[in-house]
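Some structures to go through are shown next.
First chain A sits with chain B, and in the next complex the same chain sits with chain C.
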Partner chain A sequence: MSAGYQAVLWNRQKKRYDLTILAGILLYIGLFVGLGAALRPEATPETLIIRAFGTLALLMLHVILSVGPLARLDRRFLPLLYNRRHLGVSMFLCALVHGAFSMIQFHALGDVNPLVSLLAGNPQYASISAFPFQTLGFVALGILFLMAATSHDFWLANLSAPVWKALHMLVYVAYLLLVLHVALGILQTERNLVLIGLLVGGFGWIVTLHLVAGFREKPGDAPHRGDVIDGYLHACAVADIKDKRARIVCISGERVAIFRNGDTISAVSNACQHQNGPLGEGRIVDGCITCPWHGYQYEPETGASPPPFTEKIPTFNVRVVSGEVYVDPEPNPAGQRAEPAPIRGSS
Partner chain B sequence: MLEQIALWFSYALVLYAAIGLLFAVAFVLVGVNRVDPAAPGSKPGFRVMILPGVAALWPLMLLRWAGGKQPPVERSAHRRGSAG
Partner chain C sequence: MSHNDDEFYVGYLPEAPAGIAAHVKRSILLILLLAAGVAGALAALQSPFDPGAFEFGIDRTFEGVLLEHPYPLLVVDDGEYPGSHLLVAFGKFGAESLTAGHDGKRVRITGSRIWNDQEQMIEVHELEPLGDARQSLAGGMELGTFSFTGEIVDSKCHLGVMKPGRGKPHKACAILCIRGGVPPVLRVESESGELSYLFLVDEQGNAVNDRVLEMIAEPVEIHGEVERRGDVLTLRADPASYKLL
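This part shows the complex of A and B:
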């Protein structure tokens, strides 16, 4: 959490994860170049490197785009989601190797400015079969760079979450550009049927997965209706909430997470201050609500991160009457203490 | 024509990036401590890590530095509703 920035907040799981990424990259490149050299002795090392890193980057992009919807469909994918940024930066670096080698190989050896050669060397922007597909790769690489360069939490805080999110939604633009980059490129180089099949299959997979996860997400956001006592809105029964867990109910235009902490009930706004992670899908660990996305913590009764951290989220006053939980729809200012309600509350 | 545009584009890009890099060095050493209370005392690793982004988004960070801005807190329905 933000009490001083670190380059990377390392822990054992992240190290294992990053080592796995690195091993995967080395294995893929080794196999691709090794097999390529054995099966196609006529291919130059540069060509093999360009193709190995290009296809690897695209493969990694598919994994990255799949992780979000997969985690929504099945919680076991969540650990992949937390560390998606490292995968993203690795993917950018692979794409950069591909782009840089292509630039050197095809555009930097003449006496024309390499960028001019890339953008204007083939002026057939009106053609499909001869389209300068490299330009699409260049624009996509620019987007991937911006995303990798702003992946640190510093940017999330300083650009604000909505702007940061909008910026990172550009990944879908980059993906479309890359599908075209590869499809139009294939038309002009070797018409590799395997690659075409993989490209079409991958595109279908990404679209289907997003549609399915999108439909799953929809319900549950209608404003909650219930009986009202003294201005407090009936939310759920105490028995509906497992200990150290929450129920999520939509009140006052947003989701509220109602937690049970042993013998008491507390309610906070559901959105984590870090990146709007769903706090109500997390657990109470060591007395603190712990965000399921990256582990930011908040005290249930105050909505404040334990010192030295400074994050604060709005809290809600709650009451328990005859085993039923009632929530004051008026949010308290972020970080303001709300008395936890004993579950054997007044009747 | 296309070649002319590409040429000017390449010059503009190089100029933008060069200014960005110079600015970014000053920003990560000094400016960042002014605009973000979590930054003072952070290690070189963090400063190097944000450098490429500062070089790319330098006009934005220049404005924040010049205006002495602090990181914004998102305005959600609950935060507005509580006026807190």
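This part shows the complex of A and C:
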């Protein structure tokens, strides 16, 4: 899907998502600023804006971090994963409003450059209660910027998938920095029980969700042990695989997706070339294996994306003997044709 | 989780399968409700801010006698806002460079008011001398020696420019302001929550700005002599004797 980087196409669904994000942002900011101004008429508008956008950005980050593990636990969350990029960019923009307003309000119009004031104005880096928490927010904002700026598939292709993936794993670093930004910042002065509760509860939710999702994943990782015929490993029974679907089996350390396509069986590497999505949880749609995450497609027998796309994944040779599927543990080079095995072939 | 496992979502197809679409709609609604609850709770439960206001963008004219030391002060004898007004400049700066050479003289100042229920201040935009005659003002009145516990804040932000104008969120800003010449003041809160303000001077009665930078926005205890000048209280003590608590 690299041709034209058109993996994520615009359609009615996508527009509805974007409108929902916008409505959510307006709802949150409107409620926070409106209620804040009504109940605390002595507050300045700047403070309400800083607080509304800061807390909103952190809340959005929680949603963004939850979508991955939720989609692994329940596939019905996959649409949120598919549409996560715009939520990420919107979150960055909200964080930017918060950071920019804070920077102007607290660090501009002084005797040094605002950035110098932000990083060095309060030099008590060795203290906990006096720690310059703004620096933590600043670094986090930098990470969020990098991620928003490279979120397009153009960058995924140009940075190479491992670099891109590593870059985007930094979101967890940003999240930790932000938890500290709040704990060492506002919470040092304002012991707001709701804010403390949300911060601790949010952190607990994110950690638990990731642990549970990771735990569920584990069993599939166990190496598969079965009979061997001519160097081919027994993988599963044909009857275990529903039509147009796959079973994921771990063979010589790699996950293999074994698909049933009508009357034949084909096996490919389980990892999607886009972002390592689990192809074995996908379907065969219009004759192509379709990734459950963002819909990249591959032909079952060659592992190649249909033209004009150029992605390729390794294939595996398969045989069916007496209704049982056997897989050659040696993968073929990406894109190399492997003859599909007829399910009523040899017996 | 029981749901129709046959449905498969492909993002670029025009419509999502019905079961998945319904689930996503429910989830989004839940997230929006949660967001509204968080927004409402966080907005409503912010601690009250200290009183104070800043007439940003509104210029008024004041006439009175200017005192340069220890912190520039304008003593206004009549008009709408009589009494002592501390003077500061635009941004995070004190007014020394604007008031230099006018000690004891009558001046007309144009600027914006900053005030709370205790103190008055002017952000000076223009200063015009009104004749050279020096005027003498009654000297300070000694009120005795006391210990106070409070927080050093910059008087400009604290009296009304910023909410909150104190505490951790405001610490870096207060450091900038006080280094820039804004008078440092000890904010003392009584047990009943009443606020009073003591402007900090050293034993010789001079400004202490550069010597308190490390103690800003932290709880401190200061033991010193209290003096009243005009409507303003000063606390005279060697900054080296301030105790961080």
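Observations on the structure shown:
As a working rule, the second predicted complex is superposed on the first by the 339 of 347 C-alpha atoms of A that agree within 3 Å, B and C clash if a C-alpha of one lies under 4 Å from a C-alpha of the other, contacts with A are read in each partner's own complex, and residues count from 1 in each chain.
By our rule, a residue touches a chain if its C-beta (ideal position, glycine included) is under 8 Å from a C-beta of that chain, and two chains touch if they have at least 3 such contacts.
Note that the structure is a prediction, hence the values are computed from the model and not measured.
Of the two partner chains placed around the shared chain by superposition, neither chain B nor chain C is touched by A:Thr208. Applying the stated contact rule after C-alpha superposition, one finds that A:Leu31 touches chain C and leaves chain B untouched. Contacts of A:Thr150 after superposition on the shared chain: chain B is touched, whereas chain C is not. Of the two partner chains placed by the overlay, only chain C lies in contact with A:Val194; chain B stays clear of it. For chain A, the partner with contacts to more residues, out of chain B and chain C, is C.
Using the contact criterion defined above for the overlaid structures, shared-chain residue A:Ser322 touches neither chain B nor chain C, since it reaches no partner.
Using the contact criterion defined above for the overlaid structures, shared-chain residue A:Pro162 touches chain B, although it does not reach chain C. When both complexes are overlaid on chain A, the residue A:Val285 reaches chain C alone and has no touch with chain B.
Residues common to the contacts of chain A with chain B and with chain C across the two structures: 7-8. Chain C makes touch with chain A in their complex at residues 1, 3, 7-16, 19-21, 23-24, 27-28, 31-32, 35-36, 38-49, 51-53, 90-93, 162-164, 166-173, 175-177, 179-180, 214, 217-218. Of all residues in chain A, those touching chain C in their complex are 7-9, 11-14, 20, 23-24, 27-29, 31-36, 39-40, 42-44, 46-48, 51-52, 55-56, 59, 63, 74-80, 82-83, 105-112, 117-118, 121-122, 124, 129-130, 132-134, 184-186, 188-190, 192-195, 198, 282-283, 285, 290, 292, 294-295.
Of all residues in chain A, those touching chain B in their complex are 2-8, 113, 115-116, 119-120, 123, 145-146, 148-150, 152, 154-155, 157-162, 252-254, 256, 269, 271, 273, 276, 313-314, 330-336.
In the complex of the two chains, the chain B residues touching chain A come out as 2-3, 5-7, 9-10, 13, 32, 35-36, 38-39, 41-43, 45-46, 48-50, 52-53, 56-57, 60-61, 64, 71-74, 76-79, 81-84.
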